[in-house]
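You will see chain A twice below: alongside chain B first, and alongside chain C after that.
On to the complex of A and B.
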């Protein structure tokens, strides 16, 4: 029972600190007035604790509660959902802190605090958040320990260390619950998502967009190749296809859905598994061109006619899928008139010089392939690749092609398609990712946002859609060795990485990524499929929620048993010496005696050996001749001088010599000095043996030896 | 109990057993209390006997002092008793023209402080120094007291009229406080039929010499105390400090007292080592007057000790 004394200033401060820790990550997405209310409630509580004042009256609390609920409704325009739910939980909890008076209130606040810690995972599931929440739980347990003290204040050590022990003891149970709790997939369990801006590729392309993206080191997805890892220049991860020129930029055209892509396979298949970070778009990335939709995504994924792979729902959580791609291919679909029209249309109001150039080029080179050759020479000789090109005006392509001649993939892809279209050759911009680096630790390929790229596809009547990457004309390094090789240290990108000659930072980055990948694979991405795989590894097939539930129960029993057993064993080891343990066994044997008068012969905790023997003697006199020597031995070992000399390891060793009991117990101290351990150890062994041989069913004339 | 008592007598057909037997002949039906009182003396402690008037408190103290062959003085405490009445007084000697110190009754081996709680705190405190330090300071001069020296005090329950409750500091100086209680029917019958107790006391011859008593006292301190037993004593003390049932925890002095008394008790039982049972036997008397149960009045104090023993497991 927590009385008023437990609501001390120190305890309250611990609680408030714990609350601050758990609420802190939420502050970024809480309305300012909610944060202010929480801080005010905390300060008010602190003031109450300092001055030993009363909690605010119930009517005031009621008014505040209603006001906050109304405020939350106006803020979010609803009362259900993640944001408003978390907001209300936080602010109500702060109010509860304000009005708590009894143990019940404290427990409620602390348990809701644990729940609040959980809500942070609705926003971030990173390793850092996991560690942070561990810390929060730790502080809350330490706080709880403080509130359970009755008379004295707990010091920091007395809070933190037992709390850490409690958490350590909980780990087996945590693992069992994590791995065995039935994973259900369905709308009930999916995360409530609201629109969030996550950086990544975008739906449109205007020069400048991808420049900023290039600087982002965030991971787009990871790839595990089953056998061969293709060369860097073959790695084109297709994203949105931008076929329409609108204004100065490029945007996609809606095309029809396909369940299968129609192409001729010209190379061996490449099998790999993509682990895609949530990006809140429907794009699913695959190498050109994937043979079939991922088996895992059956019904939830589809192809588009322009070879994109899409998901029906935005990718809001980490997903993984297996794909097989053929890097060498020839598309077989004919170019429909509408496609042709779409792939030739351009904005004739802008970039007159480029259009004129394209038309002239077409006159000079009737063969499209020759025309592309020509452009290759042009780009290769006169243009430079840079991530920081000069700003361009309205006729951006004119300026780029004829004046600045500096740019990156967007500029090349955009200008290339425009020239081709002006020349009457169907072409389109394709965006996505190019390349990726291999983590030497996990052998996993990491594709980052900085690998975002734009390239083109050109229609040749005999070849179908063919990928042409004008950037590679200018800077083959960008395609062969990645962005950092192409830009060099003068670029804004990762000067630090360049300065890292020994590769320590790089190594660290790879290690960290390896850890993150494991976290994603085993913690965040541990879904029903992975659980099934886990069971299959142990030879259990066809798992459903019943079998996982059963496994969970068994696991809980085992984990609880193991932890409980270890704890009990530790207590037993530290507190019980062999003599005491043997005496306890003797008492346990005697407790089984049914006295003829019906009295309970269990030794009470405060009953000394002589009193106990006396009590047994009064009920079972026939046992006395056998018990008396045992009790005498016990008294001599535990309370006599023998015990003093036999302390330490000697007693433990004595058990090994149990077969050779000697009768030197109670010898004069002069003798005992010479063989102190031996005597005590032998006496101990003899006593233990005697206890082991003692049977309550024996009659008086049988003896222990 | 029979088994134990027989053992005890077998082990000590000695002056000690003699003292016990002869005291039992005079104080009828109070063997346990006599044993406790004897243990208290063997543990070099002061004894406080508390009960209503007329149950034989003074008789017990007289009997013990006489049987042990000690020089004893009796001080009847009254509300107008002055410290000088206890310690002594300096009187001007005309012949030698100096002050001469006339030692008070405190200068004896046993002091029978009768009805100690009838005196004012001032007089009571005069005994304090003597009890703890075994010395007396008068007129700026410190004088040692004889050996052995102990105080056997009697007092009436504090709810009786005209009593000054002993201050806690002084209570703590008594190793044991025992209660006599009314004699049982058989003992009372024997008492009524028998000789006058005063005459019996007058006839007592010492059963023990001072040297024997000192030897026994020294032997008691040599009774072996194991770590396991210290664990138990500590568990008891800590329980009084942690539990919400007691007003104040036991002092380290109380812990020492408990151990000394247990040693003496074990020796009287003829054992070479102290057992938890010894601690339990003396604990109510040693701890009873030092512990105050929070919910109780005077009558429950002994219960507080029992409560303590019941709630602490023997480690």
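On to the complex of A and C.
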């Protein structure tokens, strides 16, 4: 199998390069010993290929395989699952590379390499990752082409260019299949969720949680408003509601599910579409208060009594949903005794001064509204809003309220609720996002992690639950203009943006965001729903498998037909040399001449140029002065010293016997005779021009005279 | 095999063909190779993973590879299409030796890679592979052991390729009725030339003096380079051949029916005669050959030698009239 094995050094190096490229993005989440094993296997293989050594014995491979499996078990505490599966696939494929002996092994490695490329998408589906993997597939196909060569070694051009053509020609079919292949709306079987921590809101709040998020530029979700975009101070995106004080922070309590929220609508509806980035939690963000569950959810979403919208499954991929919200509302549900109890409970062992203050405040202000008014003045006059508040001790609220008086939204929300509860007014903490940034290019609102916020809801017997945002008492700018307006730019990028007076960076950032948004909409977020929308845009309603199948078939037929047609056309184009083509044109022109004697002046296949010219001369002697130089030029180009390079090369290689080992490699001189021969090129051009100028009509007239 | 049967049916009355044959569309067959089926299986795995983890880019990858795979069918087909095929020269061999049939593939257009040629008669025939550069031709040599004297028949040839990605196997059949003249296997144990080849008791033919230069005569086609009088040529006396002493003394005949060969079988006699002709030619002894009704007048030289061996090769065989 030596002639077919093709396990040459160059081929092995290509394969190792392809493998390295496809594994590289995985390195960040692979255990170090796995990466080390892979690198070692690759280097060993390279050494084997260089020195033409034997592959390691099977028993050694078996020992290594068992050792790695055991190692993976200790690392992940299991042998099934996504993470451990990817790790094992990578390391086993590297071992396969090490021990491969035949072409069949190589093919296995390359095909599983494609699978490895796919596993990268489990971690990222960004534009960069897509482009990078496209490159990886290119290298893999180039490698595959190299391995298909027999006896001769493929040059880099002979690998890379056909691979590129194959991929480019596959693109029409890829697009057709991507958009028309019937999509399922859920997974085939549910996989154990191994949620990676994604920075974002959490379901508890202690001072410092949200201020750490404020440094993150990551996008939480994007919003497309249908017509009206509300003012910034109206944009409260509700996340987890935290009604229990626990330790220094706040945690949620379980409440009952609802299919509808009960409230009085006091403003026109606001319609919008949220495209939510995966956060591995069940929150579905909406503006207070949403009228109904999204139609797309179909039982996969629900409301909670505290007005949260939730998903049954953690949001582990990009999703989009349509919501209608009423920003002006009055809640209609009565406060049940349990709710009241939950909303008044506090830890009486901590923060004694705060509790005492709350109780005193209640005595002084029997009217809850007056009490809130009083607190507004307190916060507004004496407190400062800062991202870097002083560290607080055990009685954190006491220290904050009476000593440091500097805090971020979680301090204000927490202390505010605690005071109200001590004063006997039901209240709770609400977290979520506040505000948003409009991308002027897409007109889309972008809500980032830095927009994370905490506010409160207070129960008034006549008004129901009412939103009160103590942060706005301290820093109205935060609510009206956003975080950077309130506390200055955060993070290196934002500081750079601030310095960029012309707004170039800002413009770039918005453009990039617009691209990403389209990518999310058409690529990452393209699912069964979007496919249905696409069909509806083309006027096809009630999409079933038959119409999808038909569309798919037609699409493939067109995509394949166009590419196939071009390919066929190219193979049937026998590439004539320019000189021969021009001579044929000249003969065709002469064939149109009718001689006086009525003889046919079509050149016969076996007739040489000299004979042909003689025959023409005997019928049309006047043509000779014009034709003679042309025929001389042709003879010189075709049979003489000025032979065209293509012709000479072709004959030179013609003698090659099939069994000759890699004659391509041992042909460095091939470049020399490929260099354009200037005289030959000039003569060719001159001849072609001469043929073009030759007019039979003109000469026929002259003969008639 | 199914493939074989289809081809048998399609080619049932076609062969032999007149060269050159151009591999046009309807002559080329294509089916997925075993690798191709494996690739399809991998694609299914990719699709399942994409569906299950809702990986949009996974769908892209799967469909890109699916498109690439289907397009590769055209590329594999194209690697054979429009090749022009004609038979090459075949040198005669002795029985038991390997005959090398040759096939010339001429490429009028794009370069072709990893094209294989093999005989279809043998299941595990070792194919020979080669590339055919753009606007050039490559000669493929197809080895085959010539077992018996007569004509070794090459039979139908399969020209195939799996380039560029090996997912499809594309092939075409061709039969030029190529055959290789096979001389009888020389009986190396046949010993020296018989002192009395004729068997008539005349034992004084001076074969010992065969190296002795006698005279010069004009060059005749078929004289070996050893016979040419190079010195005379150098003296510008024209092309002359040397005649040796032994040739003058008597005509030396090898006879199929001679008494010395009576104890041997038909084929053994042919083998023995072949060996003697080789010996005589080596020693430049002019020899004649009698094969019952056929007889070759005594002479030496390549043409005579080939004529005699061909007579031996085809002696007693019922063959259709050859065209060479």
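Couple of notes before you dig in:
The working rule: the second predicted complex is superposed on the first by the 514 of 705 C-alpha atoms of A that agree within 3 Å, B and C clash if a C-alpha of one lies under 4 Å from a C-alpha of the other, contacts with A are read in each partner's own complex, and residues count from 1 in each chain.
Note that in this section a residue touches a chain if its C-beta (ideal position, glycine included) is under 8 Å from a C-beta of that chain, and two chains touch if they have at least 3 such contacts.
Everything numeric here is computed off the predicted structure, so don't read it as measured data.
Residue contacts after overlaying the shared chain place A:107 against chain C, while chain B stays out of touching range.
Once the two complexes are overlaid on the shared chain, A:524 sits against chain C while remaining clear of chain B. By the touch criterion defined above, A:148 lies against chain C but remains apart from chain B after alignment on the C-alpha atoms of chain A.
Of the two partner chains placed by superposition, only chain C is touched by A:121; chain B is not. By the document's definition of touching, neither partner reaches A:443: not chain B, not chain C.
By the document's definition of touching, of the two partners only chain C reaches A:162; chain B does not.
Within the superposed three-chain model, A:130 lies in touch with chain C and out of touch with chain B [touch as defined at top]. A simple residue count on chain A separates chain B from chain C, and the partner touching more is C. When both complexes are overlaid on chain A, the residue A:174 reaches chain C alone and has no touch with chain B.
Residues common to the contacts of chain A with chain B and with chain C across the two structures: 150-151, 575, 647. Within the complex formed with chain A, the residues of chain B that make contact are 1, 3-4, 224, 226-229, 242, 244, 272-277, 280, 309-315. Note for the complex: chain C touches chain A at residues 35, 38-39, 42, 45-46, 48-68, 70-72, 74-75, 78, 81-82, 108-110, 113-114, 116-117, 128-131, 133-141, 162-166.
Taken together, the chain A residues at the contact with chain C in this complex read 3-4, 107-108, 111-112, 114-115, 117-118, 121-122, 125, 129-130, 133-134, 137, 141, 144-145, 147-152, 154, 158, 162, 166-167, 169-174, 177-178, 181, 184, 187-189, 191, 317, 523-527, 559-560, 563-564, 567-568, 570-575, 646-647, 649-659, 664. Interface residues of chain A, counted against chain B in their complex, comprise 150-151, 575, 605-611, 614, 617, 635-636, 638-641, 643-644, 647.
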